[in-house]
Amino acid sequence: MHWWLPPKASTFTGPIDGLFLAILIITGIAFVLVEVGLIWFVVKYRARPGRKAFYTHGNTRAEVIWTTIPAVTMVALGLISNHYWVQIKGRNSIPPNAYPIGVHAKQFEWQVTYPGADGKLGTADDFTVRNQLHVPVGRPILVQLSSEDVIHSFYVPQFRVRQDVVPGMDIKAWFQATVPGTYELGCSQLCGLGHYRMRAQVFVQTQEDYDAWMKQAAQEASQ
Amino acid sequence: METAHKRPNYILIWVYLAVLTAAELALAFELPIPRNLKLLLLLFLAVWKAALVGLFFMHLKFEKWNLRILALVPLPLAVIFILAGMSEHIW
Amino acid sequence: MTHAAAAVDQMRPPFPAERGLDVYNKKLGMWIFLASEVMFFAALIGTYIILRFGAPGEWARPGIVLNIKITAFNTFLLICSSVSMVKAYAAIQDGDPKKMRFWLLMTILGGATFVGIQVYEYIHLIEHGFVPAGVREGSELAALVANGTLPAATMGLYGSTFFTMTGFHGFHVTCGVISMTYLYLTKALPGKYSKNDYGGIETVGLYWHFVDLVWIILFTIVYLI
Amino acid sequence: MTSVAATAHGAHAHHDDRSFVRKYIFSTDHKIIGIQFLFVSLFFLLVGGLLAMQMRWQLGFPGKPMPGGGILPETMAPGGVILPEYYIQLVTMHGTFMIFFAIMPLLVGVFANFLIPLKIGTHDMAFPRINMWSFWTFFIGGLVMLSSLFVPDGAARAGWTMYAPLSARHDYSGASIGQELWSVSIIFVGLSSILGSLNYITTIINNRAPGMTWFRMPLSVWSLFITAILGLLALPVLSGAVIMLLFDQIIGTHFFDPGAGGQALLWQHLFWFFGHPEVYILILPAMGMVSDIISNGSRKPIFGYHSMVFAIVAIAFLGWIVWGHHMFVSGMNPTLGSSFMVSTLVIAVPSAVKTFNWMGTMWRGNLRFHVPMLHAVAFVAMFVIGGLSGIFMAATPVDMQIHDTYFIVAHLHYVLFGGSLFALFGAITYWYPKMFGRLMNEGWGKVHFWLTFIFYNCVFFPMHITGMAGEMRRLYDPNQYTFLQPLQPIRVFISISAFLLFATQLIFFVNFWWSLWKGKKAPQNPWEDNGLEWSLPSPAPHGNWERVPNVYRGPYEFSSPQVAEDYLPQYKKLPTDREPAAASAATH
């Protein structure tokens, strides 16, 4: 059982986990400040007979301070987040050399289309495998998402990548896996009664392993 | 003059609206102008007509500013929504 | 006294306003209700604009499916009924209930005719094969879709948005006609409105002009563009 | 034209000769309508809780027969074992009941109705009959929603957000009548809210007592006023959207059907354009009532009254331009995502201002820990957690990881349960004497508070952890995923805590009913508060005042040096006070 974000297995984990930690520290400070303050006040200023509370309607300077500090923090946080957001999801974020894989979602399975030997989707040597996503390690992967019926969501926790798959839209997402291994791809958008079992295996392989697998899988698919 | 024009001349505004409607029809079906310009002009005429109804028939021109604000509050919200929805298709 | 100030005095009802905005409750309530109506129509019209903007292909050119002439007449009719409504309001402000009854009756007739024509138009459209789901198979319009006069890809959206928007507008007109008839029978005929009490006329008038205003927008964006 | 005020004046005189039906069922009295809302929405709160318990059973003990589940029909839980299709109905209906039929009517239906006329000093709402319709349309909507649980193919099952096209097409969701009943019911709720809001806004603008200027209004009234504006403008959008959804479901239109050019994302835009203001509808009244209670419990004026008001207004305004933060990973235009992120983060500022002002109110106070005060302080403590966890989701890259996981479930329950519901328990206890003339039991109130506080945190705090680990929402059986299997002990812990939390709520319900008949008789002003409502006997009579009191000062004059006792009611005239100007002075 782990108490933190899932293990890191893509290039997104660096900025996203870093940002998560930064926000945790900022909110942690605010949290401790408020909760300790509350407990302190609750103990210190509890009612005692014969005492009257301090009569005040506020303090402008204090209010200006505690308006400004959160405002500045939030704007800074927004700018930093946006920097990474543009790198991850921005309009031009997809690396030009990304390796394309088609993922077609339908109730309740993932159909993964591989580009075959020529490395291009939409050609004759494409082949499709159900519920298995194989990707080469250390190479940007472009996932071209499409949906047959309802909205699904492409989510691999270890890659920190999530993108809804919307029918009627061609959505592109990308990621770059860094650690070979087996992971799980889940649907994270309620898509019907089989939503809970709409999962696929993700295999991150070295380029050689991937090539070997693809040769074999293409053969199996053509039979 | 001050007392004679106590209220707007409603018949005049009626004529005004009728003329604008005729202009819209002519613009939409008779004038050979580019489609985008036509669209813009038609929207402009529609807003103009709507403004006439709001200002004179609904007396917004003669109400206090706070009631006018009440009447206008939803419009920017609607515009924000429509623009955001349209932006889905231009990125 | 300036022109505007005089007009303001004219608009202020002689009967007591409640505290606050200096507008009596009914009228303020109607304005607030109209604000929510604006948002309702914003949802419907916004949907139409967004769907049409992002539609997969061209939209049907105006005038092929819909009968512009009869609708232009209907638009004119609604504008007329707006004028007659405001005339009724002016009449009762001047303390002339007889004239007010006449103009109110004209408004009701105008509104009812509008609804009648719209119902006729709907029947006509449905007979020709234009339905909320798009174009009915085997109908007159289906032939036009087949020969390319009408774009197949967007007819479904056209039907959906057209019937929803104009249908809800028609529903509002119907509600307006019903409430005006109610006021006519229970208040105007028994002579309950006077120079000192015309809140009902002003309030229902506001609603009526709003419905007219919505139609002005709808007519342009649905029938002309 | 006779004004409503004048009618109420004459009618209520000394004894009340309305028939039982006019008095308690088709009543136009704002207090009775508030109480009707209270009973009905507490019932729906219980229903929503029961649905949640079934979900927790499935998550804690998947595949085991649920105790007492044998009474459920085969289509839901054969032999007491919950089916996947029933589970997603539970998810959907829990959300729907809690949001539309419990929290929203409890905050707005109950307290806007009950408090606004009492706190601003008027005899009733501006439109009492419309107010009655507001309750009855809500009631019909509730009945329709409840009945949808019992139709043959089951209730709606696309999540409370009803994302199209799952919700729009029966062949995708597997339910037809249930989905349609959901839409019909929500249209009724929308109508009810619009009618209510219209009434609240008019009443507050026009019917305030002499001397009750805008900046002498209690924060509860301010927040209810702003909430009413949000409701007035947001609910019609929902109604419009749901009408289109209903048309897609029954007459074959194509608004949200991508196959015919419709747009699935359009539904989300429409829904969240309503839905985000709705989120503030669900928390602003709670904030307002908590402000009242904290000031009373601290025996101190509220700290920074004006900035509290501006914070409410700012939150409401910003609430309209942040809806896209529910859609960061939905395939929405990413540039739009950037702007929504910034506006969302900015909302943290007014929220922080409110939190610090509540703390400032308690600072150097003379804190009385009556039950409402306990709940109010807990509200601040829990709202902070919910607010801070929102910042994680607001940052778009982090949202990639935690969107649609239990992290968001934890976040929204911290705000809705830790926030709104704690405030509601406090507020119900606080104004109970003015509603029913009796006090709720103090000792049991405290027991209920502490147990709720503990179990509530046991239920929802661990959800942050499972959410971080990637546990998706609305999964019937998370153990399908190997990486979620090690989290099963946490889920068991959450489930057991949830059962205890539910059991604890029964204490509240018993206390509520028991006190109706057996509670201690309430004095006129049991909490020694300043509001106008405490100038009335408990319970407040029909028509409220014979003559509306004059207002001489703001609502939070506690511990004022002007008087010996530590509170100074708004209606109390001191020798130095001048009479407020007569009737319509407010605008001239």
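Here the chain labels run A, B, C and D in written order, and each chain numbers its own residues starting at 1.
Rule of thumb we're sticking to: a contact is a pair of C-beta atoms (placed from the backbone, for glycine too) under 8 Å apart; a residue touches a chain by one contact, two chains touch by 3 or more.
All of these numbers come straight from a predicted model, not from anything done at the bench.
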**OP:** Select, from C-D and B-D, the pair of chains that is joined by more C-beta pairs in contact.
**Re:** C-D
**OP:** Go ahead and note the Å separation of the Cα centroids belonging to chain A and chain B.
**Re:** 46
Original post:
So what's the Cα centroid distance for chain C and chain D, whole Å?
Top reply: 35
Subject >> Gap in Å, rounded to a whole number, between the CA centres of chain D and chain B >> reply: 38
Original post:
Using the average of all C-alpha atoms in each chain as its centre, how far is it in Å between chain A and chain D?
Top reply: 31
**OP:** Give me the residues of chain D that touch two or more other chains.
**Re:** 233, 237, 262-263, 265-266, 269, 334-335, 587
Subject >> For chain A, residues contacting two or more additional chains >> reply: 91
Original post:
What residues in chain C touch two or more of the other chains?
Top reply: 21-23, 28, 32, 35-36, 39, 42, 46, 50, 54
**OP:** Just spell out which pairs of chains touch, all of them.
**Re:** A-D, B-C, B-D, C-D
Original post:
Which residues, counting only chain A, touch chain D once they are in their complex?
Top reply: 1-6, 12, 15-16, 19-20, 23-24, 26-27, 30-31, 34-35, 37-38, 41-42, 45-48, 51-59, 62-63, 66-67, 70-71, 74-75, 77-78, 81-82, 84-86, 88-91, 107, 149-151, 153, 155, 157-158, 160-169, 171, 183-184, 186-197, 199
Subject >> Footprint of chain D on chain C - complex, ascending >> reply: 15-26, 28-29, 32-33, 35-37, 39-44, 46-47, 50-51, 54-57, 132-134, 153-154, 156-157, 159-161, 163-164, 168, 197, 199
Original post:
Can you list the residues on chain C that touch chain B in the complex?
Top reply: 1-4, 6-8, 10-11, 21-23, 28, 31-32, 34-36, 38-39, 42, 46, 49-50, 53-54, 62-63, 68, 72, 75-76, 79-80, 82-83, 85-87, 90, 205-206, 209-210, 212-213, 216-217, 219-221, 224-225
Subject >> Interface residues, chain D side, partner chain C - complex >> reply: 1, 3-5, 126-127, 130, 194, 197-199, 201-202, 205-208, 210, 232-237, 239-241, 243-244, 247, 251-255, 257, 260-263, 266, 269-270, 583-588
Original post:
Can you list the chain D residues touching chain B in their complex?
Top reply: 229, 233, 237, 263, 265-266, 269, 273, 320-321, 324, 332-336, 587
